[in-house]
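In the two complexes below, subunit A is the common chain; its partner is subunit B in one and subunit C in the other.
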Partner chain A sequence: MFFSWLNKYLAIYKLSLKQAFSYRFEFGIWAILHPVRLVILYFLWSSIFNYSGAAALGGMTLSELIAYYVTAVVLDTYVGVDRRLPEEIYKGDMVIAFIRPVTVFGRLLAHELANRSIAFLFHMLPTAVFAFFFLGYNIVSVPYTALAMAAAFLGLLINYELTFIIATTTFWTRAYYGTSTLKEGLLYLMSGWLIPLTFFPLIIQNILKFTPYPYIMFFPNTIFLGKYAVSQALGIIAIQIFWIIALYGVYLTVWHLAKTKFTGEGV
Partner chain B sequence: MEIIEVRNLSKVYKTFRRKEGIIAAFLSLFNRKYVTKKAVSNVNFDIHKGEVVGFIGPNGAGKSTVIKMMTGILVPTSGTVKALGFVPFEEREKYVKHIGVVFGQKTQLWWDIPPIDAFYLLRDIYDVPEKQFKERLNYMIKILKLKKIVETPVRNLSLGERMRCELIAALLHNPEIVFLDEPTIGLDIVAKEHIRAFIKHINQKYKTTFIVTTHDMDDIEELCKRVIVIDYGKIIYDGLLETLRKRYLKNKIINIVLAKPYTKKFVMNGAKVSKIDEYNISIKVDLDKQNVSNIIGKLLHSHNVVDLCIDEIGIKEVIKKIYGG
Partner chain C sequence: MKLMEYWKFWKDYFKMEIMAHLAYPNQFVMFIFASLVFSAAGPIFAILIYSTGHGIPGWTFEEFLLFSGTVTLFSGLVLTFFVAQIWRIPRQIENGEFDKHLLRPIHMVPYTFLTGSDVDGFGNIIAGLVIIGYAIFAGNFHITLLSIMLYIILFILGILIEFCITLYIIGLSLLFVKSETIRQIMDTVFEFVRNPINIYSGFVQFIFTFIIPYSLATYYPVQALLGKVNPVYFVPIFAAVAVFMTFAIAFFNFTIKKYTSAGG
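Now for the complex of A and B:
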């Protein structure tokens, strides 16, 4: 029973891999994009440090900040469901989705994980190697790297759920571009992608800790940098698991409401 | 045995309306006039195992809405659908394992990959045993003549080729009920023939129930014994195609070629003669008053007939009459 269930989604995962490989150009573009992003960030922060003359900003030295951004770029907060789900809703593809004995949530997750697997092998690892040679990027220790990878994976799940829930509003709004831009903006700011959360006033940092956002990017990143004791890192992972479960509950409720709202347009 | 039971089924859509022009469009941001549209109202019918039922009706009559409620895509506003013992929209994931659906205007294949890959994916999604899968796939590829085509990426297929692949995709898991929403839309005559022949095959071989909506009356005439006619969201006819034809078929036309010029008038109750030229006449028969054989009998006695043919008004004309009111 469980295996046939798993088999379905594994099949979708494999097919998505195949699909991703069919666009060679797209493939190449992304492999170049990350190093370019990194070089820009490198020069930006180097000049900020130069002008300020401070040894540390937001509790981080220049080399720590560079490492932070390398990790941020490698982890990347973009999830494909942000585009796929709204598109399927307003183009009427949901009609097809609803006649398959798989959930939309699970199918798009399998798709997401396939894209992430490819991104990991062909974009993230090369980017990390690039940064190792040119920007002095390195791991702190093997256990921290392992913990950080676990946290990054859980962060991806939180990000996926959050995005899925927000994208579901397309059933009501029929348009998603505005919502998506707002959501992305909040995500960049509150997850620590734009600047590490340690740059914010303490009160804001504390408030953010009660939202799922820092658990997507900031905490996995800083675990990787070795900012916490192992027990603290495990605590963070526990909170991540809490968010995954809680957001899953929210997803179930919102999706149920959305389904009854669906009118099957486009067909 | 009834496999689908539809009782008092209704669906109401809410849409907003606005007048033309930019100002009206801008104002609609703040104040919207909503109108409700009853797409389907109080529909009742049963579908039996092994039937091929045709749903016909003008555009926007509510056919697709009924289909979407039977497949569990849409939630009914009121009334019930019971199919194979399931309530479709409530037990969607379990129910859809037993049905196959093709929407003529929406592909269920994956754009970037060849259909064959999609078929393998569907095998896993529907949990089809390998042996059964191979057998069905090969059988369907053979009778739809798709051998090489299934290895070409979907985006490079012609509409006819794609449609045949869609049928395979919908039927791989041996569904008990298959819904075809305009399966022959936009196809040429040969492709249409392929698809009809295929549906007949499958219906006979596996006793699969088919529910077909179409605007192509040849589809209906070739495939369906029973038709359900929907207009303005209501069923206006449900029964044998033959009975429908009889009900609307009040006249037949007999075209006659004579050996000598038509001079002696032919008179008979229920027959209206019109002269086309000297040697050709046509007789319009009012079937309520007279039958065709009586007329021909009398005619052969009184006139020197070289040739005659009887034109039957096709189902197309029947439908035109129904749609036209």
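Now for the complex of A and C:
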């Protein structure tokens, strides 16, 4: 029973993998562009550190900060559901989606994971290799890397759920570009993409800990840097699991309400 | 006379663009708000790096805010006027819809500029002006009429450079049809001038001053406003701009001639 359920999503994953593979050139271009962006960040932060003359800023040394941005590039916060779900809603594709023997949530997640797999191969991994040779990027230890990878995967699930819930509002709004941009803006500022959250005043850091945002980017990244004891890292992973369960509950409620709102005009 | 015709053409097109966005007023308002959130990134970054260290070499906090506001205003203006063409026209080329534009009784260079308006930049324009206003108020800079004029002239030249880059990208799309990656490359190039170019090596500074004079959009206008550069220094930069623009227009015209329809 479980395997037949899993097989359906595996089939979607494999199909999406093939589709994503046809865009390998586009993915590959990022293997060049990401290193260029990292070099820009390197120049920026080197000049800030040299000018300040401090060994650490915001609780991070220059090499840790560079490693932080490299990992941020490797983690990436964009999830494809942000575009696909609203498109399916306003193009009327939901009519077919509702009669498929798979859930929309699961299908788009399988698609997301396939895209991430290709992105990992064609731009994330080459970026990490470039950073290893030219920017001194390295892993702290194998256990921390394993913990960080688990946290990164859970962060991706949180991001996916959050985006899916927000994108579902298209059933009511009929358009999504404003909501999407606002969501991206908040993610950029609050997940640690713009700057590590340790640069923020303590009160803001503490407030952000009660939101899902830092668990998408900041915490997986700082686990990778070895900033916590193993027990603390496990605590962060436990909170991530809490967010995944909580957001899944929100998804079920919002999706149920959305389905009652759906009319399928013109079918 | 021609200018009046262009103005009317642009106004009508822009009005249509606004009407299209107002079809979903809640999303439009939310988008403007979201643009303000994104625009806050620059000042937030400035506050955080100046509160934890000495900030960017050669720039006080207020000067860096002025720079950040100029970057935001620049992004807003080019988004409002023509940058949308970077993704609109390549899509039309791919779908075979571009051919109809060639039948219009207007040259393709002004046509590209006049039909590129979008409301996406409104939030950035508002935020940019607010940040610049605050920086000037708080910084108490010594600003002269000459420095203001230089700021405006260099800023407009920066916008023209961006337009030339848009022409290059569209030109490459006309030649190669697929152009998504070209746009990504240009976005990355702009990343360089989102920071003051004095943080880079001399070679990079030279590239963004004389080869791709993109720093005219952000760095040099602010330096001129603050009176940190001798105006004579701009003479060779103006020459570099003239060369860059001449090549851009020539290349665009060449690609228009070479264009063969992608079908539809």
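The rule we apply is simple: the second predicted complex is superposed on the first by the 262 of 267 C-alpha atoms of A that agree within 3 Å, B and C clash if a C-alpha of one lies under 4 Å from a C-alpha of the other, contacts with A are read in each partner's own complex, and residues count from 1 in each chain.
Keep this in mind: a contact is a pair of C-beta atoms (placed from the backbone, for glycine too) under 8 Å apart; a residue touches a chain by one contact, two chains touch by 3 or more.
Only a predicted model underlies this, so the values are computations on that prediction, with no experimental measurement involved.
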item: Touched partner set for A:N206, first subunit B, second subunit C, both or neither; value: neither
item: Which superposed partner A:Q232 touches (first subunit B, second subunit C, both, neither); value: neither
item: Which of subunit B and subunit C A:G92 touches, first, second, both or neither; value: first
item: Contacts of A:R174 with subunit B and subunit C, given as first, second, both or neither; value: second
item: Touching partner for A:R100 - first (subunit B), second (subunit C), both, neither; value: first
item: More subunit A residues in contact - subunit B or subunit C; value: C
item: Partner chain in contact with A:I12 - subunit B first, subunit C second, else both or neither; value: first
item: First, second, both or neither for A:S63, with subunit B first and subunit C second; value: neither
item: Residue ranges of subunit A in contact with subunit B within the complex; value: 4, 7-8, 10-12, 15, 18-19, 22-23, 92-96, 98-103, 259-260, 262-264, 266-267
item: Residue ranges of subunit C touching subunit A (in the complex, touch as defined); value: 23-24, 26-31, 33-35, 37-38, 40-41, 44-45, 48-49, 52-57, 180-181, 184-185, 188, 191-192, 195, 199-201, 204
item: Parts of subunit B lying in touch with subunit A, wherever the complex brings them together; value: 13, 64-65, 68, 71-75, 89, 92-94, 96-97, 99, 101, 103, 105-108, 110, 112-113, 117-118, 120-121, 124-127, 153, 181
item: Interfacial residue positions of subunit A with respect to subunit C in the complex; value: 25-26, 29-30, 33, 36-37, 40, 43-44, 46-54, 57-58, 173-179, 181-182, 184-186, 188-189, 194-195, 199-200
